[in-house]
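We call the chains A, B, C and D, going by the order they appear; numbering starts again at 1 in every chain.
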Amino acid sequence: MQVMPGEKLALIGPSGSGKTTILRILMTLEKIDGGHIQVDGEQLYHMERNGQLMPADERHLAKMRQKIGMVFQLFNLFPHKCVIDNVTLAPMLTKGVTRVAAEKRAMELLDMVGLADKAKAMPAQLSGGQKQRVAIARALALSPKIMLFDEITSALDPELVEEVLNVMRKLAAETDMTMLLVTHEMGFAHDFADRVLFFDRGRIFEEGKPDEIFRHPKQERTQSFLKKIIAAGHRV
Amino acid sequence: MKKLGIMAGVASLVVSTMLLASGARSADDAKLDELKAQGFARVAIANEPPYTAVAADGKVSGAAPDVARVIFQRLGVKDIVASISEYGAMIPGLQAGRFDVVTAGLMMKPERCASVAYSEPVLCDAEAFLVRKGNPKHLMTYEDIGKDSSATIGGPGGGLQAKYALKAGVPSDRFIVVPDAQSGLKMVQDGRIDVYTLPILSINDLVKKANDPNLEVVAPVQGMPVSCDGAAFKKGDEALRDAFDVELAKMKKSGEFAKIIEPYGFSAKAAMSTTREKLCASAQ
Amino acid sequence: MTDWSGYLNLILQGAMVTVQLTVMGAALALVMAFVAGLGRLSRFVAIRCLATAYIEFFRGTSGFVQLFFAYFVLPLAGVTLTPLQAGVLVLGLNVGAYGAEVVRGAIRSIGREQYEACTALNLGRWQGMRHVILPQALLIMLPTFGNNAIELLKATSVVSLISLADLTFQAQVVRSQTGSTLMPFATILLIYFILALIIAWGVRTLERRLARGLDGVRV
Amino acid sequence: MDWDWNFVQEIMPTLIQGVKITILATVLGSILAAIVGLAIALARRSPHRLVSRSVGWFAEFIRGTPLLVQLYFIFYVLPDIGILLPPLVAGVIGLGLHYGTYTAEVYRAGIDNVPRGQWEAAKACNLGGRHTWTHIILPQAIPPMIPALANYFIAMFKETPLLSAITVLELMNQAKIVANSSYRYMEPMTLVGAFFLIISLCSVVLLRWLEHRYGKIER
């Protein structure tokens, strides 16, 4: 599987089919048993030493993680820090950005996700949709080249989904980041993605342009999955 | 965590420190200089009037510390700092370097003479029994207690009394170790023990304070020798002890000694009529 | 009939010693709790073993016995401690061993998702611990730490047995000077209780302050 | 003053006598604490506020003050009002009462952990108050409490040396007497520490097994 720079990818498929696992592996949250992954021309889990590939050490992983950001299904905000501190923490600690610079950037990002007025709020005071928008700002604060979105609307009340998706649309339009999106929002996946991957039983079952996959799926399993999703009330 | 290692290595460490200690014996004039430099000597007391007492304001008095204070001043050590200890803990405490000297009515006995370096005698007293009024079990001697299988006797842990009792046939389960004099008095009052034993003057002081008409004192206990205490130094501090003895002898001669201890009820004559040599050998 | 004011003064002096012991012991205990608690979560086997040995040793033997050991046996090994030092050392190490388990438990109770968020934000192991995990774990530890502090306060009474002039010891002195048993003991029981209430109140206040803004998030 | 194995051999029988009393005191104290704790826990749930409040404060007081002072109180003050207890009985009562206030918290947590639905179901089955307790609530509440209770009994075991202060001839007191008459502290104190460590380590194994068997409960 290859992803081009700037490409927007949607990963769909039944639960347990391995789409989330792909994101978690890319974020180094899971260990891999074998194989190789290259990010931006460099090995993710391996490093070269004396011309030989060997398992990466913590320093190499930290270097690689700079390129990647992730937004979680359950937001994973730090409950003891206010919104702006959530966003500035990592840039200040990992990149040595000064507080002033970090806060300036954070305010821009919060403004972009429409939450500039909530900068001093605690996560517990926010709605789910607001939390998820903060989480997006937090991930963006590190200026990664690749962003991973793991079912970022699944835990939200239906009426809050749209505010998060709007942020995503804006993001897709304004930046040329590479984005990998695991989602059950088929309509959004259709509009957003350059390419759609259908996962089943741990493998990529079918892939193609959104129109091909959603309108004319070749595989029977893809068809039945989409049918079920539509029956469950998701629009395509 | 450091302590763990220390404990594990205790045995070996101790061997080496003991070697060091015995090797250092010749240099023990240093001890007095050390006390002079720090300006005070640490003494162990028992808070058992009239031997040793702590007043309401925390000031240490009693016959034994009063004598020691004067002697140490003569030796150039300005003051004494007292810590209260159980009798049983005094000699181990001395050996452990907790105190520089014990001035607490710790009576001289051959076993003790072997463990510490005593000064010449300071305070002499005989044994007394504290019993309930009328002495219901007629306990006049240690032998009486030995014979009456229902009688129990209390005394300080590590005191001579436990040894007297054992020798007179009192099994160890009828000798109750009582941590302090006040508890002993209370246990006689409450009927937990039949007899509480201490030197006469201590018992008298205790009874006077309690002011309880239901108590009675048997004194002196028949067949018991008069014992005398001395200031007890750590083995190895003999030079300090000898300096202490010189001053003590001067005070005894000048009558100053009697002036300090007789108001407390002790007899200076008794202390002057015997010697460490006699007392340390007496029971052999 | 008796000069109570003088003796009350003695007891208050004892209370000061008790407070001093509690504060210094608690400070040592806090340090040991974090050192050993984090040590047990270390990646290095040697550090884990060392921390476990410390914890099990001090939890396994009686504090009273440790105190006697430190006071009477350690000097024979060349380590002479004043009664106060021995008291602070033993109480601190002892309560620290219990505290270490609290630290460990609290850290482990922080959900995996917080660790994952740290990884995703590329925080180092120690950075994540310091800025994300510990501040949250601290709040969970606090009530138990409060209980431990009260246990420490109570345990200080034992130092009276190595002739450190704390509250209990002074009660014994007053008792042997006045012949009254009820008054000194009743007085110090009350003082201990008041001190315990103060600790409990202080910890609750601290907890409320730290928990501000976290409402509804923490259990 | 180095380690003397002959001396160890000589004092061993005396110390083992002490161990027996220590274990006896722990067992009796545990039984009493288990009963007292249940009584306190039930009394605190009493609908009469006077009962629940006063028992609550009493328990708080006992928990907030040192066991050592409570032992002195039971042993030396109670005779003034005509209650004269032998040392071991006084010691067991002190231990039982003190730790009863801790086990009460275990019972409380255990009872609270039984889901509300169980109470409602009992009511729906038309069971009376007593039957609800004996047949529905306690049988579900007690097994998960067992490890936490055992934990406190081990803690109690480690506090038995305090009984030496009221002349109970347990391990610590025997060791002190030996030390007092021989002027040697090292062997007796080290042995006491070793005895405690050995018994504690064994009980930790037992505790792990109990936790495995009955599950863990919040303390």
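The rule is short, and it goes like this: a contact is a pair of C-beta atoms (placed from the backbone, for glycine too) under 8 Å apart; a residue touches a chain by one contact, two chains touch by 3 or more.
The shown structure was predicted, so the numbers you read here are calculated from the model rather than taken from an experiment.
J.: What chain groups remain joined by touching if chain C is not counted?
T.: The remaining chains, counted without chain C, group as follows: A | B, D.
J.: When the mean CA coordinate of each chain is compared with the mean CA coordinate of the whole protein, which chain is closest?
T.: C
J.: What is the chain whose Cα centroid lies farthest from the Cα centroid of chain D?
T.: Between chain D and the rest, the longest centre separation is with A.
J.: Chain B to chain D: how many Å between their CA centres?
T.: Comparing mean C-alpha positions, chain D is 37 Å from chain B.
J.: Using Cα averages as centroids, what's the distance between chain C and chain D in whole Å?
T.: That pair's centroid distance is 21 Å.
J.: Need the CA-centroid distance for the pair chain A / chain D, whole Å please.
T.: The mean C-alpha positions of chain A and chain D differ by 55 Å.
J.: Of all the residues in chain C, which ones touch at least 2 other chains?
T.: Each of 57, 69, 72-73, 76, 181 in chain C touches at least two other chains.
J.: Spell out, as numbers or ranges, the residues of chain B touching 2 or more other chains.
T.: Within chain B, residues 7, 10, 14, 86, 89, 92, 95-96, 186 contact more than one other chain.
J.: Which positions in chain D touch two or more other chains at once?
T.: Those would be 1, 76, 165, 179, 185-186, 190, 193.
J.: Give every touching pair of chains, nothing left out.
T.: Contacting pairs: A-C, B-C, B-D, C-D.
J.: In the complex, go through chain C and note every residue touching chain A.
T.: 113-114, 116-117, 119-125, 127, 131-132, 135-136, 139, 213-218
J.: Going by the contact rule set out above, which residues of chain A touch chain C in the complex?
T.: Touching chain C from chain A are residues 27-29, 58, 62, 65-66, 68-70, 72, 74, 76-82, 89-90, 93-94, 122-125, 138-139, 142.
J.: Which residues of chain C touch chain B once you look at their complex with the stated criterion?
T.: 3, 6-7, 9-10, 13, 36, 50, 53-54, 57, 69-80, 83, 89, 93, 163, 165, 169, 172-173, 175-179, 181
J.: Looking at the complex, which residues from chain C come into contact with chain D?
T.: 56-57, 59-66, 68-69, 72-73, 76, 150, 153-158, 160-161, 168, 171, 181-182, 185-186, 188-189, 192-193, 196-197, 200
J.: For chain B, which residues count as touching chain D in their complex?
T.: 7, 10-11, 14-15, 18, 86-89, 91-92, 95-96, 115, 157-158, 162-163, 173, 176-179, 183, 186, 189-192
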